[in-house]
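Multiple structures are listed underneath, in structure tokens.
In the two complexes below, chain A is the common chain; its partner is chain B in one and chain C in the other.
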Partner chain A sequence: MIGMAFVLTYCVFALGRIFFQLPGADRKRFLVSLVTPKTMLKNVRDIFCDCLLHVKIWKRNKLLGYMHSSIAFGWFMLIVVGHIEVLLYTPHRVKLFYYPIFFRYFVAEDEHTMKGEVLFFLMDFFLLVVLSGIALAMIKRLRSRLFGMRRTTRPSLLDMVGLYSLWAIFPLRLLAESFTANISGGSFLTRSINHLLTPLLGDQASVLPWWWAYSCALGIFFVVLPFTRYMHIPSEILLIPLRNAGIKIRNARKGLAKTQVYSCPGCGLCIDACPMSVQKANTRDTTVYLNRQIRRGNEKRIEEISDKCLLCGKCTAVCPVGVEGDRLRIAQRSVRRYGINPDYTSIDTSPLTVDSRGKVLYYAGCMTALTPSIKKAMESLLRKAGIDYELMDKDGGICCGRPMWMAGRIDQARQMMKKNTEIILSSGADTLLLTCPICYRIFKEKYRLDGIRIVHHTEFIEGLVSSGRLALGAEDRTFVYHDPCELGRGCGIYEQPRNVLRKVGSLVEAEKNRRESICCGGSVGSLTLGFDKRRVITQNALDNLTVASPDVIVTACPLCLDTFRRYADRKVEDIAETVDRNTRTQTRTS
Partner chain B sequence: MDNIFGFKLSPSSTIDMDKVDFTLFDKLHELEPDAWKCMACGSCSATCPAGTFSGMSLRKVLHCLQRGKQKEAVNMLRCCMLCGKCSIVCPRGINTRHLILSICKLYKED
Partner chain C sequence: MKQNIVIVGGGIAGLEAAKRLLRLGYRPIIVEKQDRLGGHVAQWHCLFPDMTPAGEVVSGLIRDTAEANIFLETEISFMNRLRDGYNIMLSNGISVIARAVLFTTGFSLFDAAKKEEYGYGVYDRVITNGDLEHWFNTGSDKRVDGGEIRAMGFVHCVGSRDEKARNSQCSKVCCITAVKQAIEMKKKFPDAAVYCFYMDLRMFGKKFEDFYISAQRDYGIRFIRGRVSEVSEDIDGRVVVKAEDTLAGKPVKVKLDLLVLMSGMVCGRDTESLASMLRLPVDTDGFFKSRNNVSAVVQSPLEGIFYAGACTGPKTIPETLAEADTAALEIVSFLYRS
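Then we have the complex of A and B:
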């Protein structure tokens, strides 16, 4: 009783606070989305699939999926069926929300007076489902590998209290209902236990303590709920409509960020996913611990965790509730204040502008400048395909701003973006070609370049090949393609490079690929990871890539190329180099 | 004084090391022990894209800070784009981006 009342008031307050923390425009957008039929439908579907059935976890691991959905869906059905019982037999009591929970205690009836056993059967069936889920959860605590998880989260003290009371609720409910099964009715489970127990503890006096124990466990669980990871149960229901309304993180701790932090169920899927977890010392710097520290307000740890991250975005990709670990970290970085604030307004863009009306403007970017082989191969391909192009940063240009953005210095990044936008717009080009996924992502996501096609070289080459402007020959080698974080998870480009590679040789896959690909470890996302600490991460990523023993590792990012090249035991090259080597005839069509 | 027979007097560039306040500099090295690793090879300056616009050079920044010429250092850092090229080319494996951010945190613009 107390537990329930407490939790409900807490949730209402929290809801109100988060709602008012949203910026005005977002608030309006959220409300509009709530009444739009399409998003309404999507909300209901998502809440049902994610919160109750846990479809995303099913896809990952069947046993883990069953564990989660049995507890959530089973409990939900217990509540629903419980309410139906009350509605059918004691309609005047429906207003008392505690009544269905303790129904069996209050009502002394049996199936003969209650028109059939269907409801009793359902109650027992779903109780069994929940109990099986809890048994699995107990096994998971001991042997998480059975569930496809190498490491799980270490629960905090209050999490433990919540966990044990949750575990206790259902066995106690079973016992309590069993004790009263001969009075108030039961089905296959509670009945048979009742038969077992009556000879042992036939005394009716033992009924009350079990019901008490059951209600205590329930009460404890609900009272600690807001302070434990189980807060994800109510917050996720808020997070889903917010996400479907298209709201983005605008404040490090308020609004959507706060909802995400509280929606983290602490399942620990991000621990195995994190590329830094190859070193045991880093497992405590994964997203699940970031969320916990933000809840606690431990500023020192928050800074440590958010600065270390490579921002590869894999935790976001695997998260079953949709906590955006990378964006959350950038938001934490953005609240920091610096004594020195760079200012680029004095840079004159006119010498950097090249007249390229109707042409392709090729912006190589900082990283490609350090790997000239990519630039050379790309230029050669452009010439072979007969495409008119200009180089935007022949003698050095302005950085795209993405590394600055990742460091959380959004204003400085915006200044650079403004300068680059000026250059590109006044050049008159109709296509902007990029060979670096880091640049590509920010150009795609943040720049406003209306009318200009922004294209990564993997897409561009695929286009050239499929339109016949480049004629490819095949070579007798096997390739493996490494998905760069910013290109794959960041921009969703997975198939284009693979389509091209299949034409020049045989393509094998890495153990973990596409959305699950492992960061090379060279990312500019991490601020504090030193050079020496990244080596293990790179080695791990290389081991993942070479399981099918390919001859060549192909990637589409200059930074990945540079990082892998240092430690790889075989050839590493950019897709532009591979294609350039295998382009036979020069077809001039333009 | 200006321009006598094509020559001019420039102000003294002597630095009185006794008068320089090194507390911030020491603090920086506490935060960034890696900074001691720098051997002033200039790889960072050679690759720096901001250098083409402003003369930014991490090697010089460290040099200036060491000599107490904070103002010059700060002016150079105001042009850094944090692109991370310097950390890739650094032969000593210094995490230059974090070093730069630390300097930006400790020192102030005048």
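Then we have the complex of A and C:
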């Protein structure tokens, strides 16, 4: 009773705080979304699917999915059926919200007087479901490997208290209800246990302690809930409508960021997903620990964890509740203050502007400048396809801004973006072509280049091939395609490069691919990882790519290319090189 | 009392040690994996600082070691340690029991294609220091012969002092080699502008500094302090090099007819496999680890295994020869002792 009251006031208070932490525009947007029928429906559906049924976890792992949904959904149904019972038999007590929980204690009737065999059966059935879930949870604690998790989170002390009280609630409830089964009714489970117990502990006096134990466990669980990972249960209900309202992280610690941090259930799926976890020392720098440190306010560790991350976004991709590990880290980086802040506003863009009216403007970017083979192959393809193009950064150019953005230096990034926008808009080009996914992502996400098609070379080449402007030959080699983080998870481009590669040779897949692709380790995202640490990550990514023994590793990012080439035991090339080598005939359609 | 001594590697270090041992009355066995003796030096043209022809040095050594047992095109299949010596199985089927083994396995030239940003293997007019020496000797290389050379450049420290390229050590000799090659090119193409892009110049050896000053004063070679940021190709096939002149504080951009990459020295390709046969330690730079990097450079931690030359790290030719002599002397005193 005390526990429940405490947790409810806490949640209301927290809800209010988060709500008022949202910037005004976002707050309005959120409220509007709450009353829009479409998002409303989506909210209800998402809350039901994610919070109760845990559909996302089901998709990943059936056993884990069952464990979560049995406890959550089972408990939910226990509460619902419990309320129905109360509503049916003691309607005057409905207002007392503790009443249904302890219904069996208060009501001394059996199924004959209540004619509620179905309800009793349901109650027992769902209790059994929850108990099976709890049993699985216990096994998982001991043997996480059985559940397909190599590593799981190390719980903090309060987490342990929460965990054990949660585990205790349901077996105690079973026992308590069993003791009263002959008085207040029960079904297949409670009744048979009652029969078993009566000869042993026939004394009615032992009923009370069990009900007490049950209510104590429940009380403890609710009191510690706000301070443990179980806070994710109420937080997620808020996170879902916030996300559906399209709200983005704007403050490192407040609003959406705070909701995300508290929504982290500490399941540890991100630990196995994180490319840095190949080294055990780094497992403590995964998103689940970032969330924990943010809750604790441990600034030193927050900085350490945020700076180390490669920002590959895989934790975001696998997270069952939708914590955005990468964006959360960029937000933490952005609150840092630097002594020196470069100013790019005085750069004169006119000498950098090339007249490219009606043409394709090819922005190679700094990484492609460091891997000239890509630029050479891409230019050759453009010529073969008879495309009119201009190079945007032939005589020097301005960085796309993404590296600065990743470092959390948003103001500097915006200055560069402004300059590039000027150059592109005044060039008159109708298409902006990029061979680097790092550039591509920021151009696609953050630039406002209305009327200009922003295209990555994988899409562009696929377009040229399918429209017949490039005629491909095939070679007798097997390729594996590596999904660069910024292109795949970042921009959702998975199929275009594969479609092209299937035409030039046979394509095999890496063990983990597409959304689950493993970062090459070269990412500009990390501010502190050294070369020897990255090397282990690269080696692991290469092992993942070569399970099907391909002849060639193909990627579409100059940084991945450069990183893999350093350690790979076979040919690594960019998709532009692969295609250029296999494009022999020149087809010219005006 | 004449016991077997096996020398692994027939480059200048191996030849010099063999010469010394022959003079001391021993008949060493030289195992060389290539079909010729002389190693890297045999392919070079002139040697700094006095422009000594490299061929003379090598042919002198070969002449002096004619008495030795020489196996060409032979590699070490395996090696294992016996109670008081080593059992060595050669790839030609011969097995040798040796009391002492001298590793003179040398170095490999860093593969410049790994620094793709400099365009080796991508652009037609980018070559390495090794390619240039080869061209000096043979006079035939498509990449150099393609036309009149009006401007050319040297990029220092390619794959050395470079953590990204997995070689953090300084290769020691490339600075002075670039000066030497620049002078040679200037002699061939007096009207060409010759640039050297360096991060700093390490002119440590005898007369090196004089040589460097002469390159500037007498030959007009331009030294630009700053690393090359980008190499690209012009429409007519010339290479465009962008760099920052950090002394002038300005970016520079030059069009060149030839760009030479000063590839650094990295550990020999066989270092790892040879080391693993006898569980010899390899140092953090990938080269063999001496018993002591100050006082026992030619000794390995194992009794009877010795090193000489660039197999323990980048060295100049005089240093290599001196080390080979030391190693020969150490081997002889070791044989006397046991």
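Basically, the second predicted complex is superposed on the first by the 589 of 590 C-alpha atoms of A that agree within 3 Å, B and C clash if a C-alpha of one lies under 4 Å from a C-alpha of the other, contacts with A are read in each partner's own complex, and residues count from 1 in each chain.
In the analysis below, a contact is a pair of C-beta atoms (placed from the backbone, for glycine too) under 8 Å apart; a residue touches a chain by one contact, two chains touch by 3 or more.
Keep in mind that this is a model prediction, so the values were computed, not measured.
Participant: Which holds for A:F531: it touches chain B only (first), chain C only (second), both, or neither?
Facilitator: A:F531 contacts both chain B and chain C.
Participant: What's your read, chain B or chain C touching more residues of chain A?
Facilitator: If we count touched residues of chain A for both partners, the winner is B.
Participant: Now for A:S373: first (chain B), second (chain C), both, or neither, which partner does it touch?
Facilitator: In the superposition, A:S373 touches chain C alone.
Participant: In the superposed arrangement, which partner chain does A:L128 touch: chain B (first), chain C (second), both, or neither?
Facilitator: neither
Participant: Quick one: is A:C49 in contact with chain B, with chain C, with both, or with neither? Answer first, second, both or neither.
Facilitator: In the superposition, A:C49 contacts neither chain B nor chain C.
Participant: Between chain B (first) and chain C (second), which, if any, makes contact with A:R566: first, second, both or neither?
Facilitator: A:R566 contacts chain C only, not chain B.
Participant: Let me test your reading of the model: by the given contact rule, A:I84 touches which partner, first (chain B), second (chain C), both or neither?
Facilitator: neither
Participant: Regarding the shared-chain residue A:I410, is it in contact with chain B (first), chain C (second), both, or neither?
Facilitator: neither
Participant: Does the superposition put A:Y344 against chain B (first), chain C (second), both, or neither?
Facilitator: first
Participant: Of all the chain A residues, which ones make contact with chain B and with chain C?
Facilitator: Dual-contact residues (chain A): 369-370, 395-396, 531, 562.
Participant: Which stretch or stretches of chain C touch chain A in the complex?
Facilitator: 114, 116-117, 119, 122-123, 163-166, 230-233, 242, 251, 253
Participant: So in the complex, the part of chain A that touches chain B is made up of which residues?
Facilitator: Residue list for chain A touching chain B: 307, 336, 338-344, 346-347, 366-367, 369-370, 393, 395-399, 401, 403-404, 407, 409, 412, 416, 522, 524, 527-532, 559, 562.
Participant: With touch defined as at the start, can you tell me which chain B residues reach chain A in the complex?
Facilitator: Contacts found on chain B: 34, 47, 49-50, 52-54, 74, 77-85, 87-90, 93-95, 97-98, 101, 103-109.
Participant: Can you list the chain A residues touching chain C in their complex?
Facilitator: Residues 369-373, 375-376, 394-396, 531, 562, 565-566.
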